[in-house]
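Next come two complexes built around subunit A: one with subunit B, the other with subunit C.
On to the complex of A and B.
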């Protein structure tokens, strides 16, 4: 299987006068269509690592390659274009725009990328809402739906541009256990349906144990990297 | 043996505890406890995944019921374990501890392995499922085992197994070897080394081999 994301010798140091190194020589590849989980204690460096993978932050040294493109020398605008094209994000907090409806929120990344909303985009948004089970609330404001529905809206929003990679930072961290299971099953379904690569930071054992691969980050280093038979 | 297995799985699929139990215990008049564990009980545990693998809710309760039936059979086979030990006639002075790491609740494999170590002559102590590192540490202090055998089914729990092993190596009270086993190792047979294990053993014959090498 092709490598969709490669990290080579990634180091991250914060601060100029007082330097704090949070990532040490991270080398990792992710294969296309796989479902990966990253675990680790708070402060282990996993969110920093995910921000670097998602081009939201830059490594102090090392190379990141996304879909065969080395991003090291890209400027902010180029990174934003690449990010919007290849990567979808799901965070613990949904960051939906409260004054917009569910449908409008889902279409935001499409609008940023293409300016105009096409019939195809609406039809894709409808399809995604159907898959994540929020069609009935599509015209509700983001504040007028449940927490589980908000997170499902965020998932649909992450997928509207058909990203090759979805990065999730505790996407079920704010949900109760039964909703967590529903959301996880949904992510898995999307992973299999669209061959999207998922890389999910989680504290939830039930989420991590069902991934194809579990990576544990400890003190800024890869402590464990285990895969199950796929 | 295939007929015995088919008949047992038929009873197990009905979740018929009484008939499954009677059938398995009756089999011990014809086959050894080792054969019962390896050829009948262990594969029958996997049959529930073949049957309900795509339906996680159905799978969980049925797996629990069927595991409970098999656990009863294993518990009641202990006299046959002791008899089998006499047949082999091997005796080691060393202690061995068998356990599942923290969060690992699938313990039937570990229970069977504990019986296998008993059969090949070790003083075996089975601690249990979901064993915290501190519990293991206290047991090690008390029993000073030569071997610690850790059974891992769910591959997520390899992380717990590694933590337990790291903790054991940090402490000075354990100088022995770590034996690993279980389904969690099936996708990557080399992972046992990465988490600090000394041996990866799959079946009774490999345990017997280790025991014989120790006897030399």
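On to the complex of A and C.
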């Protein structure tokens, strides 16, 4: 299977005077349409790794290749376009725009990419809302729905541009355990339905165990990397 | 761009109090600017009108020490055809004395053609009794001269010229020009009658004129002078004769502009600081927008559009309110004579300009907050929850 994301000799050092190295020579790649989880204690460097994979942060040294393209020489605007088209983000907090409705929030990445909202975009948004189960609240303001519904909206938003990769940084960290279960099943379902690659950071061992592959990061190094044979 | 606009609009709509606060700031700023500007303009126009509205604004006089110059039909025709001039009135003036009982008083005997002179002095409207007569031995006298000496319409007066000529004139009417010196010394009569008294058939002492734009009187005077190309006459204008009034007016204009600039500056600082706070308030939303791929330029436009929207609405309401204030002031603030102290005067160009400046300035005020969005790093925002 094709490699959708490759990390080569990634080092990350914070600070100018007092240097703190967070990541040490990380070499990793991810196959298309897989469901991966990254675990590790807080401060292990897993969020930094995710930000580098998501092009939100740059590595101090090393190369990141997304869909076969090396992003090291891309400028801010090129990276913005790449993120918009290839990557969907789900964070611990939903970060929905409270000024907009559920439907409008989901369409924002689409509107960043395209001038006009087409019928196809609306029907895609409706399909996604159906899948994540928020069709009933589609015209509510983002603040007028429950925490679980907000996170589902964020998931639908991450998927609207049909990204190749979805990066999740503790996407259920803010939800209760039963909702967590439902959301993960949902992500798995989407992974199988759309063949989207998922890379999810989580605390929750039970959640991690459901993934095709579990990577553990400890003190900036890969401690463990197990793949479940499908 | 459309997304940036709709986000800008939603940001403003969702934060109603903040939006109202900035809007009120702009409205007050624009309306005060328009109010003060219009007030000062109105004041100046009424002041200029009171000072020179019924006086000659450009005058052709004999050159040097000469008292008279020869009436030139072609010269008068050219002047009458000049569309920058609203009135052209030839005059033959001479000083003389009026003899009442055994006393004599110095007067100025003015010979004019009333049809033309009325365009400047409005004798027809300023008569307090009698009529303007066109008869050669009839004259109008001023109200002060009349009351001081108990003269009334129909009385005869005796005029003594320095050359010793004695002439009796009949008072056909009494005028009040609201300037006591003129009311005391002017005796106005048809030009031919005045010439006959002094024996000067074809002479003029001045040609008096009014112009459509009083503040261009000096340049128009220059034009007339070079067109006439006549060495026996000189052309003077009210500006060179009223330097003090002019410097007073320009001082007033300067202070008015100063007030307007500082009001505008205060408004700008207000907009800029409130929007800068709003960047911080909306930093989470901006962070996620950036993560989702919005470009820095687009993100900046969210705030520029906010400035533009606020500026446009504020300028619109502000100009309406400013015009309203000016109108109210002219209606309700009245002098002891019941006339409005400052006439309602509106320069649409000034109002439009003020509104436009407010819109442009509000957008510029949004530049600093807009620039701040570029510095916003999505990781910082997302990391901090």
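The definition used in the following text is that the second predicted complex is superposed on the first by the 230 of 230 C-alpha atoms of A that agree within 3 Å, B and C clash if a C-alpha of one lies under 4 Å from a C-alpha of the other, contacts with A are read in each partner's own complex, and residues count from 1 in each chain.
Note that in this section a residue touches a chain if its C-beta (ideal position, glycine included) is under 8 Å from a C-beta of that chain, and two chains touch if they have at least 3 such contacts.
On a predicted model such as this, the values are computed, not experimentally measured, just so you know.
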Subunit A as common anchor, with subunit B and subunit C clashing or fitting: fit
Touched partner set for A:98, first subunit B, second subunit C, both or neither: second
First, second, both or neither for A:108, with subunit B first and subunit C second: second
Contacts of A:39 with subunit B and subunit C, given as first, second, both or neither: first
Contacts of A:57 with subunit B and subunit C, given as first, second, both or neither: second
Touching partner for A:224 - first (subunit B), second (subunit C), both, neither: first
Subunit B versus subunit C as contact partner of A:194, first or second or both or neither: neither
Vertex subunit A angle, Cα centres of subunit C and subunit B, expressed to the nearest 10 degrees: 160
Partner touching more residues of subunit A, whether subunit B or subunit C: C
Minimum C-alpha separation between subunit B and subunit C after superposing on chain A, in Å: 27
Subunit C partner contacts - residues on subunit A that touch it in the complex: 47, 51, 54, 56-57, 76-77, 80-85, 89, 91-93, 95, 97-100, 108-109, 111-113, 115, 157, 169
Interface residues, subunit B side, partner subunit A - complex: 103, 154-159, 162, 186-188, 191, 194-195
Of all residues in subunit C, those that touch subunit A in their complex: 2-3, 7, 10-11, 13-14, 284-285, 287-298, 378-379, 382-383, 385
Subunit B contact footprint on subunit A (complex, rising order): 39, 205, 208-209, 214, 216, 223-224, 226-229
